[in-house]
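Each of the next two complexes has chain A plus one more chain, namely chain B in the first and chain C in the second.
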Partner chain A sequence: MRNPWAQTGNYRTSYVQDTTIFANYREIVSVVLLLLALCILPLFLERSQVLVLNFILIYAIAVLGLNITTGYAGLISVGQAAFMGVGAYTVALSAPSLPFWLTIPLGGFTAAIIGFIVGIPSLRVKHLYLALATLAFQEIFVWVVGRSPALAQGAAIPVEMRNFLGLEIGFRNHNYFWYYVVLFVLVLMVIAWRNLLRGKYGRALIAVRDNDRAADAMGMDPGRTKLMAFALGAFYGGVAGGLLAYMQRAVVVEEFTLSRSVALLAMAIVGGLGTVVGSLLGPAFIEFLRLYMERLSEWMKSNAFIQSITPAGVDVASALLPLSFGLVIVLFLIFEPRGLYNWWRLLRSYFRTWPFRY
Partner chain B sequence: MVDFVQNLISGVAVGCIYALAGLGFVLIYKSSRVINFANGQFIAIGAFMAYALAVWVKLPVLLAALLAMLLTAGLGFLVERVFLRRLVGQPIISVIMVTIGLASVLDGLMYLTPFGSGNFTFPQFLPQGGLSLGGVNVSYPQLLAIGFTAIFLVLFSWFFQRSVLGVSMRAVADDQMAAMSVGVSVQQVFALAWAVAGLTAAAAGIVVGAVSGLNQDGLIAIGLAVFPAVILGGLDSVPGAVVGGIIIGVLQSFSTAYLDGLFSQIGLVGGGSQYVMPFVVLLVMLWFKPHGLFGTEEIERV
Partner chain C sequence: MKRAIILVAMAFLGLVMAQGRTVNLLWSGAITGPTSDVGGPYGAGVEDYCRYANEQKLIPNFTLNCTVRDDQYQNPNTQRIFEEALDRAKPAIYLGYSTGAMLQLKPLINEVKMPTIPASAHIGLIDPPNNQYMFLPVSSYSEQVVALMEYINRTTKNAKIALVINPSPFGRAVVDHARRAAQRLGQTIVDVREVGSGNLDNTALLRALDAAGAQFIIHQNVAGPVANILKDAQRLGLNRKIRQMGAVYTGGSDLIRLAGDAAEGFLWASSYYTLDENAPGINLQKQLAQKYNRSADILNSTNYTAGMLAAAIAIEAMKRAAQRFNGRIDNETVYQALIGMNGPNAFKPGFAVSTKAGIEIDFTRSEQTGAEGLRVLEARGGKFVPVTEPFTSALFRQVRNP
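This part shows the complex of A and B:
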């Protein structure tokens, strides 16, 4: 028996071993350590910094869902923000009468049902067409919300939760409370993601993505597999949207537009499609990029020289975000299609074999 | 009845814009199976270049339009050379995602120019008013849209039926491997498809400028409405793009006239159903007839 602590390569030689979650003890230890670190992290941070973390973790949940549809099933989705919106509006409408641990799953299920309906064309056509189905849904969603008086026509609907099991949630501890809720949900969702995709269903998805005809011939149903992927991805989006609604204490339609969907896709690509680590790294990268781009545009507004060379009527702030997101998508796809996850992998193997080269 | 015909005609004029923009889109899809999400940005850039050349450089409008079309064709060519050529052999979905990223980049670049916000109108180069036929008024910009599309259709069909390049494009669309083996340069065909897509997108943008005026969000929304048009006509069919475009244009004009009231009765206030109906059609088409009216159904043999 090899020493399970010193094991380095991939020694999974059978199907049963391949479906295990952790290859060795070291991975278990590192996951536990990471979780502990995430648990105590807010104790050292300001309220505003916790807010950034909250956004990253919420987007990580949505990106996990996108990683089922786009990463595993190979179906491009430009509608993930709309699925988040479905979850958020479900929460906004049901929050006055139901507790949050019911409204958030409810948001997820509503999104899943709609995802199922949007995904119906996958029974007949291949992946290219489905990108257009999600685009259509994204546009229809924003339009319908903007025209519905019941949804405040897209203006802010407050979502209040002041009290949880006797704990008063106010201005000071709001962000901290929701940080731990989001973290808990994220851990649940990652476990579900891993368990779902390491078994039969995940393998069917990969098979369908890589060669649907061969998968069909081997007894899988490509249409049904893809439809499931759509519903699951939408479920993750809906849960993330519900959390976002509580965290922001309001729902506005601007959070769920096409450009946000593109940003989510950027997160998935930058992180590395189809990986858990990537689903965390991608949102972190894009959110920090957004933060620094906002600072940069603030700085450019206050700088006299830059003000003097920009022509009148030019809004640099609104230019920097799409420009940087788009560049990140394009450059990563061309130069590092496996995303930040691959850098993480290389870094790990570097330290594992240090001082020798891999 | 007069209202009906009037709506029909303005719908056809708008539909011609979609048809023009759809031509290039279909060309790219036919030759390389890539869905170009940056089409709306091409439309906007073409239109803004024409505006800049006509108003800032003070060229005659027609010359400015022609130059802008050529420049946008150059942009399409450049995009293919710089970004897409590197992705040959990668899965198609990466290429499509690159066009999504590219759309975002081009959006950002446009925000860096004064065109990012505000409305712009072309200098008046068509006479005021229009033709009046039995109470139905057809304005000159609408005639321009219809005429432009007709000219492009004739040029396109000549190009595909007669010219060597056009025939080789059809060959690549039909079977890449076979085309390569008889000496067709697939790379050249891809580059040409992107250049032509830029050209037709710019033409569409210029017509928009003549009909209604320029605004970045509006132009990009037109790019998005091209998707329903091409799906309706069939993604890989050139005549389909034209028919689909015209149907979507007419649908939009009719939904403004007849559907807004209906929507407010079911509780969706504020009108503007012309913006959503194309996407409803897109979704319904994907459910029931995904290959469109004229598209070829994929028949796969192992």
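This part shows the complex of A and C:
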């Protein structure tokens, strides 16, 4: 192409081009700009707002993992929070003796091993039955933690890091420090995700998802592919859990229960299953929804008029968050099953030819 | 003359500044979401006592800015709300709520040196590490359970006891102390069962505990699951065979409302006065509930009393900090005021029972429990009546640090 910067579409003429990480130069520039924006964003935010960003980015890593297992391989998992928990507890136990740049990957690998084992039922069962198997793992995880004195029976295990390369980390810079660490890890994980899924392994996942017998007939190994999908998804979950442990300064089992797994699944659905952009948009959308519903719920509780028209004994404010949560998921499934990613795609394609219309 | 004018001007300016000063107090808890049956009245108690404190100018020259936030029982929300408050309007004291969130926030609370009075009475909150700034308003769950075991021992020697606990750190907090206490008292813990909400049929549980020979069940839970177990025990005719009792969040008006006559005979360990008693705090509670149009459910709730007590301690500490440190109310001075709240300076708001020494609320640097006295109350005729004088569990002090 004579001028790649003026490219208005993807003109791929070879298989190599088809598997590039970035489709065109404009994508590279937009990613660089996005990263620059994310790097300077904390400068304009309060510490507690950076905390919200940290939660979003950490959940984005977990959702990326879920998008391998569920989005790409089609294996429904409602145990992602438990994988996060495995990572978090690994970090909690190893943090006193190892630096964070070792404990976090260690958390990921431990979760991957557990994910591999949890994935074994996927060799025999599918769909709802597989979802139940992962649900069982989720419950077993909480049960085991609750009965393990070594894990404080689910009560808090402190995870503190006061110093990194001479930089003292305390209340003032804790959220900022972990923001940049989480952002760095997220970028690494996204690159790994794209790199992994653009090749034959990614195509094997899609083939197994669409028809595992056909994939088998074409020489792929559906069993191994499914187990790898579980292990990889769990690795992402474990890394996210490890980061969460450091960010929250302690590990408590309440962070890794079924409700968190369901929330992660909701983030993946709302964002758009099987997409990187969706993995970022979904957590952001759900977290902001939570924030605004919290404000609305507080306002409803304090508003005398709302209270006066509400039937006695009916707590509308309490129901608001779960109601909005459920409603959002249902509405997305009905009207936009491709999630927020599709809106992003439409917006992008509009601006690609702007000011000209198709 | 000039000097006099300057002095008068400075005094006037100081007075104006003093009049306009505000001091912040933060409470965050589950007004909505899980456990909102506890958090709702608790938050209302904090809110109402704050309004009362401002109206009565309990802290002279200061306006109290009480922020009451709903964390929906989500630990990340609690962390965000707490950090938001530190960023925007730094509170001089923090009133916390759930066990999990408080345990998780302990390192941060210790780092920012924020005096904290949680609704949770988990002993781990005042145990090291990072425990310096945590103050329990009443005796811990563990102490309540050990006190119930001592009460059992008064009438039944070598009793067989089952523990039915909430499946969470809140529930499990008491198990180790109960086991140690049982060993010293010659009692046997025949079983420890975890029961959460949604326990609609407890036949298997009760039959198993009966088969294990349990004479007593001690609950460490919230009222809902306990009410279901009591109703099933009545249905199975086990209510006369197995005596049931529980720590502070199991009982109160919520249990009576949920369990009805099945609650009869239930024993409840609590530090709080009941609504039928003539105590200054309870009278104030009735007065404020009426003034601020609170529903009968909130007025009757022990959690409303608990919220008021927590706010009363916090505001009293702020007031003393202002007196002692020339009008400086911040986390450091409030902490000093709290740890100085003992001996002749103990606080007596009249929400909780006093110990034999006549002390209601006291704290020291190392003793971070406020109301150390508690009573055992029994459900009789649809309300709880005390069956013991206020006492402090001596055994708990031995089993806490064996």
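As a working rule, the second predicted complex is superposed on the first by the 343 of 358 C-alpha atoms of A that agree within 3 Å, B and C clash if a C-alpha of one lies under 4 Å from a C-alpha of the other, contacts with A are read in each partner's own complex, and residues count from 1 in each chain.
The definition used in the following text is that a residue touches a chain if its C-beta (ideal position, glycine included) is under 8 Å from a C-beta of that chain, and two chains touch if they have at least 3 such contacts.
Not measured: the values here are computed from a predicted model.
Q: On the A-aligned overlay, A:V52 touches which partner chain: chain B = first, chain C = second, or both, or neither?
A: second
Q: For A:D221, using the defined touch cut-off, is the partner it touches chain B, chain C, both, or neither? Pick first, second, both or neither.
A: neither
Q: Thinking of the overlay built on chain A, is A:Q153 touched by chain B (first), by chain C (second), by both, or by neither?
A: both
Q: Quick one: name whichever of chain B and chain C touches more residues of chain A.
A: Residues of chain A touched, chain B against chain C: more for B.
Q: I'd like to know which partner A:A266 touches here: chain B for first, chain C for second, both or neither.
A: In the superposition, A:A266 touches chain B alone.
Q: Regarding the shared-chain residue A:L321, is it in contact with chain B (first), chain C (second), both, or neither?
A: After superposing on A, A:L321 lies in contact with both chain B and chain C.
Q: Starting from the residues of chain A touching chain B, keep only those that also touch chain C in the other complex, and list them.
A: Dual-contact residues (chain A): 146, 153, 315, 318, 320-321.
Q: Note which residues of chain C are touching chain A in the complex, please.
A: 31-33, 36, 69-70, 72, 75-77, 79-80, 83-84, 86-88, 99-101, 103-108, 111-112, 122, 124, 129-130, 167-169, 172-173, 194
Q: In the complex formed with chain B, which residues of chain A make contact?
A: Touching chain B: residues 70, 74, 76, 78, 118, 120-121, 124-129, 131-133, 135-137, 139-140, 143-144, 146-150, 153, 213, 217, 259, 262, 265-266, 269, 311-316, 318-330, 333-334, 337 of chain A.
Q: Under the touch definition given earlier, write down the residues of chain B that touch chain A in their complex.
A: Going through chain B, the ones touching chain A are 33, 35, 37, 83, 86-87, 90-94, 96-98, 100-114, 116-118, 224, 227-228, 231, 235, 263, 267-270, 272, 275-276, 279-280, 282-283, 286-287, 290-291, 298, 300, 302.
Q: How about chain A: which of its residues touch chain C in the complex?
A: 46-48, 51-52, 55, 146, 152-156, 158, 160, 170-171, 175, 248-250, 252-255, 290, 294, 297-298, 301, 315, 317-318, 320-321
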